[in-house]
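I've put the structures underneath this note.
Next come two complexes built around chain A: one with chain B, the other with chain C.
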Partner chain A sequence: MITGLGVMAPTGRTVAAHWSAVLAGRSALTTISQFDASGYPVRVAGTVPGFEPRSHVPGRVVPQTDRWTHLGLAAAAQALDDAALDPATVPEYEMGVTTASSSGGTEFGQREIEALWRDGPSHVGAYQSIAWFYAATTGQISIRHGLRGPCGVLVTEQAGGLDAIGQARRLIRSGLRAVVTGGTDASLCPYGVVAQLSSGRLSTATDPSRAYAPFDAYAAGHVPGEGGGMLIVEEAQAAAERGAAHRYGAVAGYAATFDPPPGSTRPPALGRAIRGALADAGLAPDQVGAVFADAAAVPELDRQEAEAIAEIFGPYGVPVTAPKTMTGRLYAGGASLDLVTALMALREGVVPPTSGVRCPVDELRLDLVRDSPRQVALEHVLVVGRGYGGFNAAVVLSR
Partner chain B sequence: MSGRRVVITGVGVVAPGGIGRKAFWDLLSSGRTATRPISLFDAGGFRSRIAAECDFDPLLEGLSFPEARRMDRAAQMAVVAARESVADSGLSPDGLPPERVTVSVGSAVGCTMALEQEYVVLSDGGRRWLVDHTYGVPHLYGYMVPSTIATEVAWTVGAEGPVALISTGCTSGLDAVAHAVEVIREGGADVALAGATDAPISPITVACFDAIKATSANNDEPGTASRPFDLHRDGFVLGEGAAMFVLEEYEHARRRGAEVYAEVAGFANRSNAFHMTGLKPDGREMSAAIDAALRQAGRAPGDVDHINAHGSGTRQNDRHETAAFKRSLGRHAYEVPISSIKSMVGHSLGAIGSIEIAACALALRHQVVPPTANLHHADPECDLDYTPRVAREARLRTVLSVGSGFGGFQSAMVLTGGPS
Partner chain C sequence: MPELTLDDLRRILRAAGGEDDPATLDGDILDATFADLGYDSLAMLEMVSRIEREFGTSIPDELVPDMPTPRTAIGLINSRLRAAA
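After this line comes the complex of A and B, so read on.
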């Protein structure tokens, strides 16, 4: 059972602000302003406006950690607060942390490598060893909140948030009372953006309102973003016994698959992940009220995803949405934020829209929720995530 | 699916001192060390100038030129170790349903060697904050997201089950194997390629450990610089390498008559929630992990025949885990032969947990406990039997391996096996 949510995203620094932005179809994509990106063929990104680490993170920890960890600590504290769960009331080894990480402390790392190569080895700071590596956020959350149970970090790029919540459920089943899970990312420094450019999947469009248009005839890559979401997964009975204020939904199904190697004649494995998650939840496709798509905005990947959805749910068989068009792809934070958005949709009975799509590709046969939200009675929703290199994951959330 | 057991049926190792599991075991059982002056880059100007390096040439180890070009050294080592483990297991990848094969690879620092090298090019040696994208190699994004290491391993056998990179710092190598074991136990796969890799001997990583004085600065005696449990230890010696395993559901292995190294019988991890790098001397959370791993394995503390220690050779660590062993095993802690192979192969961060599982699997097969090299004058606070300098024959059925890492993470795994 998910009992707490936290958000640090381009669309808002609280769950309420994020939810009202996505419901209104209000995109947070803007022209990159953190650094002079005029020399790069990517101009648009989703940044978390007005995020002041010192307001969210203990002052001592701020210089010891990267922005990705600042965002993670802020979202985790918010989620614990939302759950009104005091970790001190949980038996000491029965609460853990499992986050998704994608590229670690990118900007921190760039600064330290710069110092090393420009000024010499003795100019590398003492915190590089604990700020750059992929486990920094999990470790800092564990320490800040005194969580002594199992800690983990999954790296599967944009699928990571789903694999992390799958792992959180595993831990609950093995006897834990509660797990902090989710993910964030912050790679909008020059080296981070240039590295992302090399994937060939970034949108080079300059108009923020059209730069990220999945399932669109003009789809030409995604917009990068920063931020993400954190969730508190709690053993259902324990949550009921303590009278948890929020019961947003349950992780009813989860499955992960991997695509065949390049050049293989075997089909992509995304459909098998979706079917696996449905089977795990014990549901038929027609019981799912909405699909939160991965929405790569790379034509071939969009086609694979649309085919999998149409094959399982039927052509135009289920409302499909991608609110990430308003934040950009957040990598380790992306699927976690989608989980938060999907849980709010379940609770409110409304599917938030996809923005930026004006020329949907008819052959994809998707019932894409566009521009304005759609009221739907939702009992179960599906969240899909795909990570660079072949990772597929699907999660079914149920009321 | 409860009741499904998981066994190791293939071992592949890329370690300092020689490529392949045979060279690895020869080094360990002879008590030789593979620590030496750093040759991978010019380490003049660094505080610590020694490391345990692998003499590893990807092309000689069977990678094609395009493969070697697109992969960071950590990925190359993982793929070479993965191929050796598959060959060792006798499994034919063609006979495996791809969707029943899972992959879990641990790595603490991923592709940082390539990330740093490319940065130096794009930034003109650190002089340009606005790095020049026109010089970016097409694989750069693959270096930024270390999940590509798991991708490369998955492609070696065409795995289509769950695939993940596990990155929990220095416990990654234990945690990644445990993750695959969980997936098989719950029925998500029948076969796994699991293990870990790291290639951290690059300027930025050496410099970051310099900055916190975690590594040994005993540059004049590289061959004997890694001294776990010794009074004269002064930090760990950085290493590199990979170990990969074929894990199988027990019945799957039995049906095909596979030779089994060991069963992964128990695992647990705990966190100290205390400090990113510091350890409390009482070893409480590591002890809690050991207790839970033994419980899962259905073994009593007195059943433990050998402990592969984390034994990094930092002042704090060696006392911390000595306390943890006493806390969990009581009097028996004084009777169990313990060893730290980091004395010989260094500390390869996320990889070492898997390299040590390989040592445990081989110890079970050979019924030999590897030694702790360079242990001459034990720290009075480290008063257990650390198998100093010389390997020892012993009756081994239950072996414990532990890891401790930044973030406060503590992991423990119980392996069982030996002649029935």
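After this line comes the complex of A and C, so read on.
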């Protein structure tokens, strides 16, 4: 049972702000202003404006950790607060942390690489050793809140948030009381952006309102973003016994698959992940009220995803949305934020829209929710994530 | 000859390891352990590396365990600075 949510995203620094932005279809994509991006092919990004680490992170931890960890610590504290779960009331080994990470601490790393290049090895800070590391956010959350149960990190790019909550559910089944899960990413420094360019999947558009248009005739890659979401997954009976104020929904199904290598004649494995998650949840496709799509905005990848959805749910068979068009792809934070958005959709009975799509591709046969939110009675929703490198994951959330 | 003062150490510690509450380092800290002040082994390495750069000296990592408090750190580092002068 998910009992707490936290958000640090381009669309807002609280769940309420994020939810009202996505319902309104208010995109947070802007021209990159953190550094002079005029010489780079990527000009548009989704940044978290006005985020002051010192307001959210203990003073000693600020210089020891990367921005991605600052955002993760802030979202985790918010989620614990929302759950009204004081870790001190839980036996110390019965609460764990499982986050997703994608880039690690690139902004921190960039500063240290600059110091190395400019001033020499003795100027590289000792904290580089822990700040860059994928597990840093998990570790810092564990230390700050005294969570000494099993801790780990999943590195499967944009599928990461789904794999992390799948692992959180596994931990609950093995006897844990609660797990802090989710993910954030913050890789919008020059080094981080250049590293992302190697995927060949980034949008080079300069107009923020058109830069990220999945399932569109003009789809030409995605916009990168920063931030993400955190969730508290709690053993259902324990949550009921303590009278948890929020019961947003349950992780009813989860499955992950891996794509065949490039050049293989075997089909992509995304459909298998979706079917696996439905089977795990014991649901037929027609019981799913909405799909939160991965929405790569690379034509071939869009086609693969649309084919998988149409094959399983039927042509135009289920409302499909991609609110990530308003934040950019947040990598480790992306699917985590989608989970938060999907849980809010379940609770409110409304599917938020996809922004930026003007010329949907008819051949994809998708019932894409565009421009305005759609009221739908929702019992179950599906969240899909694909990570660069072949990762696929799907999660079914149920009320 | 340059000399490391308690105020230098406070300033360098703040820059190296951050601080939760400014009052922590402002008090009488000479004989408090760095661990009790909230600074772990990485903070010590970072502090030593900043002192090395600022004072143009070298302090082997093996000496870090010999300076558990500000008083022992200032004593040990100043004796090395004097020896080098």
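The definition used in the following text is that the second predicted complex is superposed on the first by the 399 of 399 C-alpha atoms of A that agree within 3 Å, B and C clash if a C-alpha of one lies under 4 Å from a C-alpha of the other, contacts with A are read in each partner's own complex, and residues count from 1 in each chain.
Keep this in mind: contacts are C-beta pairs under 8 Å (C-beta built on N, C-alpha and C of every residue); 3 or more make two chains touch, one makes a residue touch a chain.
These figures come from a predicted structure and were not determined experimentally.
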Touched partner set for A:Ser101, first chain B, second chain C, both or neither: first
For A:Ile130 in the superposed arrangement: first (chain B), second (chain C), both or neither? both
Contacts for A:Gly152 in the overlay, against chain B (first) and chain C (second): which applies, first, second, both or neither? first
For A:Arg60, select first, second, both or neither according to whether it touches chain B, chain C, the two together, or no partner. second
With both complexes superposed on chain A, which partner does A:Ala186 reach: first (chain B), second (chain C), both or neither? neither
Contacts on chain A seen with chain B and repeated with chain C across the two complexes: 64, 122, 125-126, 129-130
Report the residues of chain C in contact with chain A in the complex, numbered from low to high. 15-21, 38-39, 42-43, 45-46, 49, 52-53
Residues of chain B touching chain A in their complex? 45-47, 98-99, 103, 108-110, 112, 115-116, 119-120, 122-123, 125-127, 129-131, 133, 136-148, 150-151, 154-155, 158-169, 175, 179, 182, 186, 203-204, 206-212, 214, 268-277, 285, 288, 292, 405-409
Can you tell me which positions in chain A touch chain B when the two form their complex? 35-36, 39-41, 64, 93, 96-97, 101-104, 106, 109-110, 112-122, 124-126, 128-130, 132-136, 138-140, 142-143, 145-157, 160, 163, 167, 170, 187, 190-192, 194-200, 255-262, 264, 266, 269, 272, 331, 387-391
Once bound in the complex, which stretches of chain A touch chain C? 58-64, 122-123, 125-127, 129-130
